[in-house]
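These are the structures in question, set out in turn.
The same chain A turns up in both complexes below, where it pairs with chain B and then with chain C.
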Partner chain A sequence: MKALKLMTAALALVIGGQASAASNQEIITHVSYNVITATYVELAQATVSLKQAVDIFVQNPNEATLAQAQNAWRGARMPWEASEAFLFGPVDSLGIDPMLDTWPLNRLDLDAVLASGRTITPEMIRSLGTNLQGFHTIEYLLFGDGVHSNTKPISAFTAKQFEYLSSTAQVEMEHAAALAYAWTNRWNPEDASSPGYSAILAQPGWNNQFYTSEAAVLEELVKGMMAIADEVANGKIADPLGGDINSANMALVESPFSWNSLNDFTFNIRSIYSVYTGTYRTSQGPGVKALVERHDPQLAQQIEQHILGCMQLIQAIRPAGGGDFGQAIFTPDGRQRAQQAIQALNQLHAVLEQQVLPLVDK
Partner chain B sequence: MTAAIGELKLIMRVIALSLLLSLQAFAQEKTVNEVTPAVQVVAPAPSPSVSPSPTPGGTPEPTTNMEAEKSAPVSTVMVTKAEDLKAFPKFSFKSYGYFTFSQAETFKAVNDLTKYNRRKMDLAEIAFEGNYELTPTSKIEFEVEIEHGGVGTAMEFDPFEEFGEFETEVEKGGEVALPEFVYKKSFPTTDSVLKVGKFPLFISIGTILEKPSRFYAIQASDVEAAMIPYHWNELGVQAEQKIWKFTGRLGLVSGLNSEFFRSYSWVGGGYQRQFENVNADDLATVASLEFGSVAKGSGVGLAYYNGNSQNNRYKKDKLTVSAEVEIWSLLVNYRIWKFQLTGESLRGTLENSDKVALANSTLGGLAKPKSFAPLGHKAVLDSVQLAYDIFDDNTLVPYVRWEHVNTFDEVQGSITKYPRYDWTRSSAGLMWAWDQGAFMKFQYAEDRTELIGMPETKWFGLAFGFDIAKFN
Partner chain C sequence: MKKSTLLLAIQLFFSGAAMAAPAIDMDYVNAVMSGGDTTVIFKRESIQAFRNPAANLSEEEVRRHMAGDALFERNFSDDPGRFDHGLGPVYNNTNCNACHAKDGRGALPVLPIGQEKVLLRQNEAVFLRISIEDGLKKVKSAANHWGAPVPVPGFSDQLFHLGSYGLREDLEGAGQAQVWMSFEKSSFTYPDGSTVELRKPIFTVTSPYDQYFDSVTGQMRSRLFEKDVKMGPRMGTPMIGLGLLEAIKESDIRALAARDLSAEGVHGQVNMVFDIQKSMAGDAYPVSMGRFGLKNNTPTVFHQSLGALRGDIGVTNYAFPDESIAGTALYDKFMASRPPLPEPQAAKEVADDLVFYSRTLAVPSRRNVENPVVIRGANLFHQTSCTSCHHPSFVTGPHEISAFANQKIYPFTDMLLHDMGPGLADGRQDFDATGNQWKTRPLWGMGQTQTINPRAGFLHDGRARTLEEAILWHGGEAEYSKTKFTQLPKDDRIALIQFIRSL
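Coming up: the complex of A and B.
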């Protein structure tokens, strides 16, 4: 929590100090290569680390190796959730999104597969439904059911679960690698002449089959930000809340097993921040904010503060007594804080739609 | 090599069908030539047995049914044709439709199997059938269906995806559809029929018993849609030959597209109706032998479907192996005294099902299969229904029905069997034709899957509809 606050404050200082009069092309180039592609490259690296940590745990299961595998899962989760403001391009056209991150996990079918007695291999995992592979399958197997705690005793692991874990981590790593490759080298694996999608996004023009103008790219970026603001507010947070405390539903919470939900949501909004400010890790450059600044510098600054505010409101949902979003929805205070976050996110969505989106054509 | 074999098969099919049609045409031509002298010497007086029967309004009724054509002597048919030609073309029009109310137990989410009741009302279908008779032996039949009372792209809600996703259903041709548009040429002397156009396949009870007056439950089949297209009509050409009470059919029709095969509908999703055009790189053969008439409740039939589904894919490079679909079906709809026995048994095979599933799993955009890419290699479907016609006039008919489908009966490669798709529906209900051509149907059903931990669910449905074709 503290680390996140410090991180967001530091980001605000760095970006706030930069006055940018960057052109649309500069925005597009920087965001394509240094934000989006960089995120996917990090994701690919993080899933390699996850696979390695899972294999170490499977070969030598103890509390220390389990904790390392769990941390590796959290580490891989960050770049993925921080990519959800740009779920366009290969992640969609190659069908990778559902293979990496389908929620909810289908626990009944998973139990049926584990009980089937078949040897579980990466090939078998590839042929399963997307709700039986990916982040949340690994999460469930590593962390347990998440109802009363977010850890699982070593004695609860079965040989089949080890097989499943190792194979699923392998497939997850392959999908993340394919996604990074599609952005860096070849967006269409079936076409040897296709460039990386970063080049497609960064070079709009009449000969570009997806983006014929800079405005088209900027529109894609702004709509991507709007989509994740809407999903976090009205899907990820609002749906599990239900109409009242009696209809709150933990089965609808994302990442409930690891108690990582609020970090997931925060990094979702962090992806908006990255596209908006052009900041990713140590890389800084013009983002969509530069476009807004050209028309209304004050508004540009307000939006940035609003994004940071949303991240803080999401973190504030965490119950003081422990737990995560899955526990907060069953307390009046937690629900109230969640409503505040929803309201702020919906306002952010409205600002992006009403005040930023019209600027892409100006 | 595989592609070459596929093309060879296709060419062989076309040749076989052409030969069959040529033989038929030749036989017909020969017969006509032989009877021509007889026609010339017959007096032109119309035969009472085939004269148009006067109606109260004095308008002659159409006399185009095959029975009338077949029973008439050849010479008199020719005479009648000469007279009737003045009255052609003729147009007739029928219609049927129904709306439903249902209540079903359903679940909140895949990991929250708390049941709740969902009630629905649906203006399910209104169909308009046109019959345009060009001559006594040729006609065009078409049917326009308005489904779910509207036109446009439908929004659907999928409770098992993410947090319950609202989705756009890509169903062009599903809301206002032209499921049937066929030219039929009859050859009375050889008892043959040639069909060209889009027509229903003789493959399943749900497709054959299309009109609501022909079945007692709310739908002719509740499980077919889990395996094959329900109301399966395809574009193509078909020859039919009748010998005594047997009817043989052989057709070449548009095939399926394996890109849209999904766990929940097996090859049914490959029925090409999402796009404006139907890809015809792979065609299918349909053949059947029927005794009596399954459609009219007095027949049994054996049917066969075979067609590749690989080359009709849009993203062809994703699947480099053949994906042949083969289906056998045994169909019964037979009346004994007041009892009506209706049933079917389907056995289907999808070649390289594991590779099809893998190819589909990486489709993006609206074709994204999400969790539904896995496919079974062999699928089975069995159903049996026993109805009792209380007054022997089809006005009050209770029935019981048992249906079972399993689209993961056998799997290939790394595919795992999914007990979720091995499910059984047991129903009981009543059909009440309370007015001429108008009916009400009640149905209560219980569903059970073989997935451990998945509770049984109950379903109740009520339909109200009309069928003005009922008494024709």
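Coming up: the complex of A and C.
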């Protein structure tokens, strides 16, 4: 059965060249296996690399091994941020999202743990709050407080921080592995007969517990794209921006320590691009674009360009003199560029809602 | 419609005792707009189904809703460097969304295959209510907090399994105690021979902060382990349509309580509970009809939401300015080593925006209404008397938010308490509710619940993995309907469940 599903997925990949002829089922199959599941598999691999890089750094701390660990953090951040257009299924039901990505970090308690002199182990991390583990805890420990720079001198690392880093990277890796396993093999860890969630998403129908029709899955995909476009525009960018320069708030900026915010946002929109075009890494096949193409090839192309344009506008917020989003929001021209990105993202949201969503019914 | 009316007539004829009951409006079979004009149209299933503001709010009201939305998802922190600090020192979760995933229902912790029990850690959607009882009902008075459950001395009326770092020197991250979950399994056999495995979560408590070794008995002792302590699990419930439930006329609910459904063994009861808003206004008898909480133990969304903000997350606010565990040894010891925090921790605007958000989440429209199986199931729903408690519709009365006033709504609840039998009982009194009674859960949105959260569990403790399991747990006053359901042919049972999935 599994082999058959993989064959189907591979077939979808082959016919990707003639995406305009793809059926709704082919879109769903390709996106389920080759975009969503592939993203989570990459996340699992990237967190293994992160754990390895952290351990190499901890065993032999120097500038080169620190840089490798920091790069591994950025590398793991990519597939995670590139999954935010499809935050449905196991990422929620297994409670994995908050384990990986709770913001803000609780620095008060983190300092208390580090000062306590207790042995820090993965088991201990599991007993601590979601706001004391995951990406942002690792980020803070690897990059420093992000106020004046996003680099931390080797001399600032303590033995306790090494313990914490290694342990929390271990727990992060385990959660990412559980998420990938839930999509590839078994969505419900308590039920040995449950399939991977990819199979659930790829086989909608009256007997499917979660999606009774192909149209339901397509709607979920389109609404997922809309949700993250809105979240980046009106949450992640607009909240820290505030109403004016005096109400800009650094405390609301996500990923402020590594100065990775703009890359985070860009990869969020990359997840829209993946679902829309059916492109993920080297994999190509029909995405939601194929649905639009059936009705209006020109519109299909315009939307793809619009998505790419949003990514460019987000990158353009980066201050010329260095820094990232957290610095840009305190400059008039940075704020203006941020407003342009917000506007483009809101337009994308409107196009998806008004012009793509209705096509699900046609 | 004609068929529906006919079925109703047959039902009335055979039940005999339904004369005093307000007639069931069978238009629910075809109704699509479950929340009247507030309904957001969802043609299909989606994880976004519970996340929208009511469709008929004004622009200004939508703006307030969105402000509350951001707060609902935000993680509170006990870090004074954070703008939204206030978490703890004890809590069950760090944000609202954690128990109400995407504004929907929570799930029990994962118990991996081959493992006997699991420790409740971070991000669980379940906690334990606790209280002490001497078994006697008391007249409501200020002295007994108008009939409220009596908190366990040294604890609260809620067991907090999480705590700020340093609260427990012996256990990192733990709150007042550790809580473990295991399952008790059983099986139900239909008259037609088919079986369904059922499971009930069993919670055990270890390492309470006050425990000590009793050298006389040779056992660990704690106030929590005394015989008069009652505990009952509670699962996060969906957030949709709460403003509409608030707008149902009290007289309509009382009329349902006055029905004579004794032939079915059904006796709906009102819970009269403490009302924080009346108390804040200086009312000498601050008691109102309960509408929210699994035992109808709070009267308003304001009371329920701000109680949960202080209780579940430990964020004090202007309605509940004291920490849940203020005055306990655990609290005093912890605070002795920390600078005092500003009280209350949530600004009035934050609290009000959270309440506004909680009142204004839309109910999604029904789906697959024209499917013949769904239509058959809808009629079976009445034939098996499910409608006696899951009362299909109301027309709302006036409401502070005008969007909720005068709406024909289909919540499928009578808003009343019912004895649900020993299988579901938690043994805890809550104002007028006995240990066997639970509020009839609204069924609107049921068909979206497990798309939103695939592991979402039904019933007060999330034990039921499927709607079928949930039905089979019905006992007590629901025994009559459950028996009728179990005697249906399998196709009819499936049709009835497909109807609930259409909601």
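The working rule: the second predicted complex is superposed on the first by the 343 of 362 C-alpha atoms of A that agree within 3 Å, B and C clash if a C-alpha of one lies under 4 Å from a C-alpha of the other, contacts with A are read in each partner's own complex, and residues count from 1 in each chain.
Heads up, the rule we're going with is that a contact is a pair of C-beta atoms (placed from the backbone, for glycine too) under 8 Å apart; a residue touches a chain by one contact, two chains touch by 3 or more.
Remember, predicted model here, so these are calculated numbers, not experimental data.
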Exercise for the section: Return fit or clash for chain B versus chain C, each positioned on chain A through the superposition. Expected result: clash
Practice task
Please work out whether A:301 is in contact with chain B alone, chain C alone, both, or neither, and reply first, second, both or neither.
Solution key: neither
Handout entry: Residues of chain A touched, compared between chain B and chain C (which is higher)
Key = C
Handout entry: Touched partner set for A:121, first chain B, second chain C, both or neither
Key = first
Practice task
Identify the partner contact of A:312: answer first if only chain B is touched, second if only chain C is, both if each is, neither if none is.
Solution key: neither
Problem - Partner chain in contact with A:235 - chain B first, chain C second, else both or neither - result: both
Handout entry: First (chain B), second (chain C), both or neither touched by A:347
Key = neither
Exercise for the section: Check whether A:187 is in contact with chain B, with chain C, with both or with neither, and answer first, second, both or neither. Expected result: second
Practice task
Please work out whether A:284 is in contact with chain B alone, chain C alone, both, or neither, and reply first, second, both or neither.
Solution key: neither
Exercise for the section: With the two complexes superposed on chain A, say which partner A:210 touches: chain B (first), chain C (second), both, or neither. Expected result: second
Exercise for the section: For chain C, sort through 1-9, 325-333 or 469-477 and name the stretch that clashes with chain B after the overlay. Expected result: 325-333
Problem - chain B and chain C footprints on chain A, overlapping residues - result: 92-95, 98-99, 102-104, 106-109, 112-113, 116, 118, 124, 126-132, 190, 235, 239, 249, 251-252
Practice task
Report the residues of chain A in contact with chain C in the complex, numbered from low to high.
Solution key: 87-90, 92-95, 98-99, 102-104, 106-109, 112-113, 116, 118, 124, 126-132, 187-190, 192, 197, 200, 209-213, 215-216, 219-220, 223-224, 227, 234-235, 239, 249, 251-252, 361
Fill in the blank from the handout: In their shared complex, chain B is touched by residues of chain A numbered 92-96, 98-99, 102-109, 111-113, 115-116, 118, 121, 123-124, 126-132, 190, 235-236, 239-240, 249, 251-252, 254
Fill in the blank from the handout: Counting only contacts in the complex, chain B reaches chain A at residues 108-113, 160-164, 263, 315, 317-318, 354, 357-358, 361-365, 368-374, 413-420, 451-454
Practice task
Spell out the residues on chain C that touch chain A in their complex, using ranges where they run on.
Solution key: 43-48, 66, 70, 75, 77-83, 87, 94, 98, 101-102, 107, 110-113, 121-124, 162, 164-166, 171-174, 367-368, 450-456, 501
